[in-house]
Each structure stands twice: as C-alpha cells, then as structure tokens.
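Labels for the chains are A, B and C, by order of writing; each one numbers its residues from 1.
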Amino acid sequence: MAADSLTFIFLNAAVINNFVLALFLGICPFLGVSAKKQTAWNMGLATTFVMLVSSTCAFGINWLLTWLDIQFLRLICYIAVIASAVQLVEMVMKKFSPALFRALGIYLPLITTNCAILGLALFQTFREYNFLQSLAFSLGAGVGFTLALMLMAGLREKLELAEVPSVSQGAALSLMLAGLLSLAFMGFAGLGGSHA
Amino acid sequence: MSSEAQVQQAPVTPSFAMLRTLGSIATLSGLLVVLVYHFTLPIIAENQRIAIEKAIFQVVPGAVSRKDFIAVGDRLLPADSEGAQGERIYAAYAADGRLRGVALQAAAQGYQDVIKVLYGYGPECQCIIGMKVLKMAETPGLGDKIASDPGFLRNFEALDAQVDAGGAGLAHPIVTVKHGAKTEPWQIDAISGATVSSKAIGRMLNASAQHLIPLIQRDLALLQHSN
Amino acid sequence: MPTLPNQEEKVTLDTFLRGLWEENPVFVMLLGMCPVLAVTNSVRNALAMGLATTFVLLASGTLVSLLRKLIPKQVRIAAYIVIIATFVTIVDYTIQAISLDLYNALGAFIQLIVVNCIILGRAEAYASKQRLGATLVNGLGMGIGFTFALLCLGAVRELLGNGTLLGLQVFSDQFQPWVVMILPPGGFFVLGAWLLLFAWLRQRRERRLLEQQGASVHGR
C-alpha cells in the first residue's frame, strides 16, 4: 500500500492513528457520551456526518484562501465554517429527516467544540490531501471515532455490574480503560509499513 | 441564568446592531492577525532557512552554501525560474564554490506514521554521503533509533548509488537487509528490533534515488557552480 | 462545583486561587483534555502549551470583558469564537517565530487551542459578566491551574518514559525507560492516576471532617 492510496489513508485514520486513542482528538465526547452503546452509536454517526461535511467545506475554503494568498486567516475561517456547517446540518436534518434529527439532535451542538472536527480540517491541510484523499481521511476518522466510542461504551456497560473501589469511580476509571484500549490499538501500527 | 431584563431586551436588538458588532470585531481581528503576520513573517522565513540549511550542511559534509533547483518531469530547473512546480533539490557547495553534493528529500510510511528524511548525494563517489531524519513518529527506543543509532547512520556515509549504463535508474537498487547481513555497498544494514523503520528508509531512498539521481548525474554541468 | 457568578464580583485572593485548586480546569472540571493528553510527553512541550493557552485566555478575556456591553446576546458565541481564533493565530505565528522545533513538536495542537473548552467557557461564564480586573485575575488563575496540570502530567511522563526532566538526565544509565509513558496510552494512564490521587485525597478529607463532627457530637 502506498502512503497516499485512499485505502491506506482510510485505515490510517481509522485504526493506526485513531483520532481518539492515538491523537487524543475528541476526548470530551469520548468520556462524556460513552456510557450507553446506543448514545455512543448516535454520537458517532452524527460526528462522522459532520466530519464529511466540514472536511469538504474546509477543502474548498483552503483552496480559496490559497488562491487569494491569505492563508493567515485559515484558522478563523475554518472555525467559522465548521460552526455554520453544524448549524446548517441541523436545519437540513430537521426539515428532511425528523426521525434522524430526534436521534442526533442533541449531539449536534456538542460537535462544534469537538476538536476532532477542527483537527481533521487542519490535518488534511497540513498533509496536503487532494479532494478524494480528504474524503477518505474524514470517513476514516469518523469510523475510527465511532469504533473507539462503541468499544468504550461496551466496556463501561459491562463495568456497571462490577464492583470498584469508590475512589476510582468515574473519570479516573474511564481514563484507565481508555489507556488499555489505546495500548491495544498500538498493535495496529505497522499495518502499512510491514511489507518491504 | 442572566437577569430577566436581558431576556426581554433580547428580541429588540436590531439586526444592524448585530451586524455592526460582528463586523467591527471581524475587522479588528483581521487587523491584528495581519499585523502579527507581517511582523513575524521575515523571522519565520529566516528560521526556516536556518533549519533547512543546517540539515543540508549536515547531510552534505563540508558544504557552506546552497542553491535550490526543482525537478520538473525529467528536467532540472533553477528554483527561481517561472512556474517551476515539482520536487525541490538543494545543491550544496564548499567554500571555494565547488559542488560538494546534492541534498534530496524522501518520504515513506514507517511503522506509525510517515517518515521524512533529507539525504545527501555525492557526485564524486556516486554514492549517498549522509542522511538525516526530518520528521517521524516511530516508537521511542525502537524505531526512532533510525535517527540516532551510530551503526545505522554509518550505512549512509558511502552508500553506493551508481547510475546504470542506460542512465535511467540505479545500477543496483538500494535495499535494506537483515541486521548483520550487509555484504554489498548498496545494502543498508537494518537495526535489529526496528526492521520496519529501517526498511522504510531503504524503500524511500531507493524510490527517490531511482528517479532523481539519474537526472542529477545527467545535468551535473548545470549544478556545478554556485553562481 | 463551578460557580457562575451573575453579579460583578469583587477581586479577592479567591478569584485567583479558585482556578488553581477548587475549580482546576483539568483535575476538577475535566475540561480541555485533548491538549492535556496530547502534548504532555515532555515538560518543555507542556510548559509551552500551558503558557500559550494562558495567553489566549487572558487576551480573549480582556477583549470580551471590555466589549461585554457592546456585544448583542444573540451573536455573542460567534463573536467570542472570532476573538479567540484571532489570538490563537497570533500565538501560532509567534511560536513559529520563536522556535520552529517547538512548533513542530506541538503541531496542530496550537491551532486546536481554539476549541479548548476552557477558553470559550471562561469567556461565556465569566468574562462576559465581569469587570476587566476580575477577568484578568481569574483568567490568570485558570491559566496557571491549567499549566500546573500540564506540568504534573509532563513531568511524570518525561521522567518515567525517558528518564529525563526538561531534557536533563535524572536517572543513571541503568534505568530502563518505560517507553509506554511517552506513547499515547501513557497519557491516559498518568492522567487517570492523578485523578485517582485527587479523588483519594478528597475522600480522606471528607472522612476526617465527618469523624471530627462525629467526635464533637459524642463529646457532648
């Protein structure tokens, strides 16, 4: 696999350099909405969707800014575009798919301050991905985020039944779990480089 | 939350006031950013120049000045020529203005993420004379030895990179071999315990050298003098 | 618990100290976790990140506090985000000008200060309602509290993962570094361990308090 092939970019973002477990992007929702599998799944879906939309927007904005030679406004434009994209997605979803809106609605505002979204836009710019590569990257990031969230939710649901010392309840235990997951995901490293 | 007066007052805020406020904030922030950008731009450019020259003079020992060229298709052009877009290469010269070597960039997927290196090619010995890792995220203590392990770096003091008879590629492709199995001058002796990272270096050097070194060898006259 | 004062607050020592301990943004409020975990693999990176965040916190707080009467409620979040993004861009260029190595080590995480919830949270919950003086004092407290938390993580991770502190060798060559500590899992483990420690301290204090009360009741 070449480093710039679409499959590899997808796999890289999804498991090798998982956004949550290796790059620490989107930790807040990862710890906040991973108590139930159902909510975790919805949050993952909503985030993936917003990632695709904002990655496309960011690609266009970056092209425009480069063309006008005002890259120093990139960050301000990105954050403004992401905030508006989330609003737009919310409105469109409310109009055309009320069922989906009911399922994802409350998560959408949370996503604006999710650093995974801005991180995605910034990384795709730094790595100079073209349009298709950006799409593969954002899809991979979304899948990776959902995967991490679901794994965590599954573990935490089981852990509800276990007895733990009262000191370690809550965030401390979640972080230790996340550490173990992160350790497990390190095993995916080398997936793309093991051939010679 | 906030007092009721504000809640009641909220709907009557005219939209032009909102636009005015947002407009002035945007103008103010634009002004600030542009100011800082213009102030820091020369310093950043200088920092970048120092960083890249330090790397170039490290992979081409004995060099003190540089000139940039760009490989467009199968031609080399001076970097300042019109519309040149392509791989940038750095010709590095000794104090007397003679060409010491050429610094080239290469990249490939390593164990964790993409590894980027700068390596020096010496036309006199037709070999690679130095290598420096610019960017990597390899495992500390294992893969990251590719940047520091003295035994591994000794591979790149004289790594054979002769152009083949047809002038289209290398006579012997650069390959990484298992630790302690190096027998030929074009082989790289891997670090034991960091085979994937070592192989990535071999792969990227081979890919880059197969393409660029024949060009450099052919257009050596163009690169020969520093001015 | 985080307080959300509605009245303008008098500047006291507590305004400053709150951010350090009681309302420590990282250890108590669990905000801004991404940079806390991502850039704390060495003390140097942690310090740079803490200072950059403190600067943005103070600068954006100043502007928000000064403009608090002029910004209409409906567009306040948009205005805050633009203000914050401006200062982050400034920090981004300044760090590039100071040291490219540092800039490369921190990577995209400097620009990601924009979405650090601490800063927007302070702008919304504090700076938009308080005078400049109080905002600055509170922001400085929060910034130092955040930096302190980053250093707590950075020091442990660098010491165990690399055997050094601020790049200086601490342990002898015999020490086998726990490489995992400077890798991503180490970030989760060390932060988890700190939270455990703080939870334990809090529980112990509460239990002592309870025992004291019990003792005084028995005493009568």
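Criterion: a residue touches a chain if its C-beta (ideal position, glycine included) is under 8 Å from a C-beta of that chain, and two chains touch if they have at least 3 such contacts.
Note that the structure is predicted; figures quoted are calculated from it, not measured.
K.L.:
Per the definition at the top, count C-beta pairs in contact and tell me whether A-B or A-C has more.
P.N.:
A-C
K.L.:
Name the chain whose C-alpha centroid is most distant from the C-alpha centroid of chain A.
P.N.:
Chain centre farthest from chain A's centre: B.
K.L.:
Most central chain by CA mean?
P.N.:
Central chain: A.
K.L.:
Please compute the C-alpha centroid of chain B, do the same for chain C, then give the distance between them in whole Å.
P.N.:
Going by mean C-alpha positions, chain B sits 35 Å from chain C.
K.L.:
Counting only Cα atoms for the centres, state how far chain A is from chain B in Å.
P.N.:
Inter-chain centre distance comes to 29 Å.
K.L.:
In whole angstrom, what separates the CA-based centres of chain A and chain C?
P.N.:
23
K.L.:
Hunt down the residues of chain C that sit against at least two other chains at once, touch-wise.
P.N.:
78, 82, 85-86, 89, 93, 183 - these are the residues of chain C that touch more than one other chain.
K.L.:
Which chain B residues touch at least two other chains?
P.N.:
Correct list: 29, 33, 37, 139.
K.L.:
List, in ascending order, every residue of chain A touching at least 2 other chains.
P.N.:
72-73, 76
K.L.:
Can you name the residues of chain A that touch chain B in the complex?
P.N.:
Checking each residue of chain A against chain B gives 1-3, 8, 12, 16-17, 72-73, 76, 189-190, 192-194, 196.
K.L.:
Name, in rising order, each residue of chain B that touches chain A in their complex.
P.N.:
29-30, 33-34, 37, 107-114, 139, 176, 196-197, 199-200, 202-203
K.L.:
Which part of chain C faces chain B closely enough to touch in the complex?
P.N.:
6, 67, 70-75, 78-79, 82-83, 85-87, 89-90, 93-94, 96-97, 99-100, 104, 129, 161-162, 177, 179, 182-183
K.L.:
Which of the residues in chain B come into contact with chain C in the complex?
P.N.:
Touching chain C from chain B are residues 1-3, 6, 10, 13, 17-18, 21-22, 25-26, 28-29, 32-33, 36-37, 40, 43-44, 47-48, 51, 135, 139-142.
K.L.:
Mind pulling up the chain C residues that touch chain A in the complex?
P.N.:
Within the complex, chain C touches chain A at residues 30-31, 33-34, 37-38, 78, 81-82, 85-86, 88-89, 92-93, 107-108, 111-112, 114-117, 120, 180, 183-189, 191-193, 195-196, 199-200, 203.
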